[in-house]
Structure formats: C-alpha cells, structure tokens
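Input: a single structure, listed below in structure tokens.
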Amino acid sequence: MGEWRIAAAVCARDLRIELRTREALLAMGFYALLVMVIFSFAFSSDASLTLRAGGGLLWVAFLFASLVALDRAFLREAGESSLVGLQIAPASRAAILAGKFAASYAIILGLEAILMPLFAVLFNTPRHADWGGIIFTALLGTWALAANGTYFSAMCAHTRQRALLLPLLLLPVSIPAILAMVQATQVYLTGEGMANYWLQLLIGYDVIFTVLAWALADMVLDIE
Amino acid sequence: MPLLECQSVSRFFGETAVLRQVNWRCEAGQCLALWGANGAGKSTLLRILAGALRPSLGTATVNGAAVGTAAARRQTGFLSHQSLLHPHLTVAENLRFYAVLHQLSDPDAAVTSALAQVRGEYLAARRVGELSQGMRQKAALARALLHQPRLLLLDEPFASLDLQTVGDMRASLQELRRAGLAILLSSHNRQQVEGLLDGEATLERGRLSVSLPEVARA
Amino acid sequence: MASTSSLRSPSTWVFAATLGLLIVSLWWNLVGAPTEATMGTIQRIFYYHVPSAAAAWTALLLNAGASLWYLVRRSPVADALALAGAEVGLAFLTIVLITGPIWARPVWGVWWVWDARLTLTLAMWVMYASYLILRQLTPPGSLQPRLAAALAVFFAADIPIDYMSIRWWRTQHPSPVLFGGPDSGLAPRMLTALLISMAAFLAVMGCLVWLRYRQEMARGRLAALRQRQLLLEES
C-alpha cells in the first residue's frame, strides 16, 4: 500500500542521514555512557546497588539518549531541508509520522544494544539475570518512548525553544511506561517478583498511544 | 477556467497585514511575474498558493481544488528560498524520496526525466551540501517538477545565480511554458525574465495590482 | 447580548452568591467544624485542600471535554473553554500541591510521599503547565488550538493509566502507613463543613472559568475586528 511505501521511504531517509552525519549518534552514545559512569562514581559498584536500583539506572541513561534522538527527528528538517518539503507533499501525515517513528525507534534500539553489555560489565549484573526478558522489555518500552516522543517532537517543531519543551511534554505522559520498564527490568535483573503485569501494561500503553498518535497525526504536521 | 484563481486572499502575521485582499488568476501556458520590494509579501503569497501557509482570509484554488489540499498539491510545484533538499544526501537520493512521497508509479524514471528537464543530469550523484548555489537551484527546480505539476511557483528563482545557470533555467522555463504549464515567478530583475512573460503584477503594501499582459516575445 | 456592566445582570448575582458561599464556608471551616482529635487545628487545611482538588479535577475535565469537542468541530468556543479550564485547573492544582505538604509535615512528619495520588498530582501539574507553555510558544492562528487540543487529549488518555500504574506499584511497594487520612472518621459537622467548602470552591472555579472564557472570546472578536480594520486602512 502507498502509505507503507511512504513510511518506509521516510524511515530510510532519516536513517541514511543519521548514519552519514554520525555526530548525533556519537553524542547520544556518549551522553548515555556518561550518565552511567557518573552513577558509578556516586555509588560504589557493589552488587547490592545493582540489585536494588539497576532497572532505574539503566533506563535513566537510555532516557537521556532517547531525548536527543527524538529531538533530532525534526531537528533534521532545519535549514535547507526544512519541514515545508514534507508539508507540501500530498502524502498522508500519519505515514510520514510513522516513518519518523520507525527511524527513531531503530536508532534508540541500536544505542541500547551497545549500552546494555556495557551496563552489565560496569555494574556487575548477577549471573542469573534474564537478559531475554530485559531485551523484550526494552523493545516494548522503547516503542512507547519513541511513539509519543516522535509525536511531541513534531508538535514542538512549530515552536521556539523546542528542546526545552520536548522532555516537559514527554516525561509525565510516559510515567506508566517508564514505571513499567524500570520495574520489569528490575524483576529480570534480580529474579524477584513478577513482571507480567508490567509487560501487559506496556503492551496496552503501546497500543493505546500508537493508535492515538496515528489518529491525531494530521494535527501535528499541519501548516500554519 | 483559469488554472489558478486567487480571491480576496489576506494574510496577517500578528498585527501586520502582509497581504490585503489579493485577487489574481493565471491560465495554463501563461508565465506571470510578481514584482515587489523586499518584505512586500511576495514569498508569503507564493507560500499560500503552494499550500505551505494558510490564508487568514479568502480562498485560492488550483484547477478547482483549494490550495493546501492533496489534490491541489499534486498539481503544484514550488521552488522556495530553501532548496528543501537535505545536504547530506545526494541529489538523486533527495529526488527519489520526493518521488515516493508523491506516490509516483516509477520514481526512478521521474527523477531522470526531471533532471533532464533542468539540464542537470550530471548532478545526480553529488551530495547537495557540496553543490554551488546554481547547481542547488537546478536540483531544487527538478524537485519541483518531479510530479509533473500543472502550476509552477518560483520564489526569486534567479537570485544570486551565475549567468550560465540563469540561461539554463530560462531555457527550461521557456520549454515548460510551451508545454502548457502555468508559471508564477517573483523577481527583482527585469532583464532576467525578459521574453518569458505573458503578464505581471506588483505587490505594494500588501495589495496586488495587475498590469496589462505584455505581448509575448517568443 | 446582556451587558455585564449593569449591576442587575445575572452574572453579578452569581458572583455575589459565590462570595456569600465563601464567607459562610470560612465560618464553618474555622469555627463551625469541631477540632480534630489527633491532628489539631492544622487539620482545617483539609477543608481547603480537598475542595481545591475537586475544583482542579473538574476544570481539567472540562479542558479534556472541550479539547475533544474542538478536534471534532473546530469551534472557537471549545478552544476558549479548553484554555480557561486548563488555566483555572492549574491554579487549583497549585493550591493542592502547596496545602498538601503544609498539612502533611506536622501531621505525618514528612513533606511528601510518592504515593499514587501525590505523584499523579505532581505529574498533572507539569502536564498542564507544559500545555500552557506550548500555547504560549506557538504562533496564534489556526495551529495553536489544534496542537493544544491534541495534547490535551493525550493527557486525558494518559491520566487514568498513570493512576492505575502508580497505584499498582504502590501495592507492590507499600509506603509507610500514615494514619489519620482524609476519609477516616468524618464527624457530621466536619462533613457539613467539607460539603459547603466544596460547593464554594466549585462555584469559584465556575466563576473563574466563565470569566476567562468570556475574556478569550472577546480577545478573538477583537482580533477579527482588528483584521478588518487593517484591511481597510492604507489602500
């Protein structure tokens, strides 16, 4: 269908730009790494810390990096390349937004793939940690952040001081998802407790907000 | 029926009335110039006609379809101040992207044909960021022509271009005019548009005054 | 259109009645209601804290409904109501977040706990503050109401999920048991004071929303007239 082609083209273009530029990707990576290093300074790297707060640590690092990636989603369209090109094309807004979401999702997942092993090493995660579960949680959780993040990033593209507004809009709305991500990761890291409720919450959250963003896509990529 | 019809279009930016009740029309095959001092509202008017900006009041239609709708956008090509091409991608990559966005059945053929129309085939594999002003303008014109629009809107197309590129672009526009496109272009330099025009209009303090059409010189 | 400058107009009566209700409520809150056994006089903040929350929630519910209506109908009335609801709601949320800790500190020994209600209230405060910031930063025109309405609908969908998830989290990690909660053992006269205060605050909220709504509609009409004037001058 035409819409999927458009979404795929937008995604491919955005990924190509990021891979050619690389500076944004590097900035994100260093940002997340820095957060982890600072945490390790603040607390000694004893095993009990990882057990008590590992989920939170990991996701704070990912959150910082995600905010950079999501801001980039529309920062890319600045200057010569400008949003106008996307706006005057007779293409479905939802398809364009879907493409941008897919690109951000891929970029953030890529970053997580690199940072998770680093985290395991730096914080001495227990041997019995369920990495399959952690990865599954990351897939669902990142979806939530990227879906809402892309939508709000488009919303902020029309404003000045966009970088300030994006975290303000994104974080409170993402509370259920962040809570679920952190708690589920914690369960998988320590082996204590049940992650089922949190995963169900994440899936439900993903569905609701993806549908909402799809339905309201026209609002957010419209002309002045 | 005129291809482009503009009825009482007004546009405000806060307290400033940039366009006041602009009435204009353009037929297929006509090339019209839009004159006006800097800040007179030429870019604003062209953006509205391209569907990139909403009019505050009034209506404009392209072939009966209101500007800003998908139907109108499919028939309109817009060359703006910005090239709308991403500097880190090649010209071909940029154009192919827009071809897919316009849902053209054969994007690659459209890209080749558009580049040929602007005499810019040699630009295909070059990164946009490395191009000179003239080459970028040609690539931008190719982008505007990709979907074979019926109406072409050009915002100061010849600004800061070298003579060679101006010549190439004039030749392209002359061909498009003969092919039946309606063309609206804004400019500061009479010399550059000599021989191209079928009519002209001037924007002054937001109001448009249309001059009698000049005799077309082939 | 009734002139609101006349002293006989209906709105003046409503404002007067609200003022009366506030005065009556003040008496009940400070004198009429008995002093609570465990907490003492500080407990009387309760009669301001809870009704503020009720007023905030009602105003924000109005914002959600009006925003949805705007998305369907694009009516300027809907947009004005949404804006009024958000501003007044945020103001009352601020009162909730200030009176809460003032009450909590002497009674519970802590300024703040991360339980479901408080966390949600704080999150909502940030949400609606950012809603107003978004409206400020977007150029006025047709874009601002659309973005704002979409954002409000996101918030409305999110808030119930927020509450549920934080609640579940708290059942997994219970916070210290705090006795003397707001609903524990309400004497009849206390209940009366609470209900009167509730009515008073809701009335104040209604008046404020009404005033802000009319102001916003007037601003819109003024802008339209100004545009007509700008078109006519300087031919």
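Which chain is which? They are A, B and C, in the order written, and residues in each are numbered from 1.
Convention: a contact is a pair of C-beta atoms (placed from the backbone, for glycine too) under 8 Å apart; a residue touches a chain by one contact, two chains touch by 3 or more.
Bear in mind the structure is a predicted one, so any value in this text is a computation, not a measurement.
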Is the chain-to-chain touch network here best called a line, a ring, a star, complete, or other? complete
Report the chain closest to the protein's overall CA mean, measuring from each chain's own CA mean. A
Taking the mean of the C-alpha atoms as each chain's centre, how many Å separate subunit B from subunit C? 50
Determine the centre-to-centre distance between subunit A and subunit B, using the mean Cα coordinates as centres, and give it in whole Å. 38
Can you give the whole-Å distance between the Cα centres of subunit A and subunit C? 32
Send over the residues of subunit B in touch with two or more other chains. 54
Expected list for subunit C, residues touching two or more other chains, is 139, 141-142
Scan subunit A for residues touching two or more other chains and write them down. 223-224
Help me check something: in the complex, which residues belonging to subunit C touch subunit B? 139-142, 226-227, 230-231, 234-235
Provide the residue numbers of subunit B that touch subunit A in the complex, in ascending order. 47, 50-54, 68, 70-71, 73-74, 76, 78, 80, 82-89, 93, 97-98, 100-103, 128, 143
As the complex stands, subunit B meets subunit C at residues 10, 12, 14-17, 20-21, 54, 56-57, 205, 207
Subunit C contacts subunit A in the complex at 71, 119, 123-124, 126-127, 129-130, 133-134, 137-139, 141-143, 146-147, 149-151, 153-155, 157-158, 161-162, 164-166, 168-169, 172
Over in the complex, which subunit A residues touch subunit C? Could you list them? 148, 151, 155-156, 158-161, 165, 168-169, 171-173, 175-176, 179-180, 183, 193, 197, 201, 204-205, 208-209, 212, 216, 219-220, 222-224
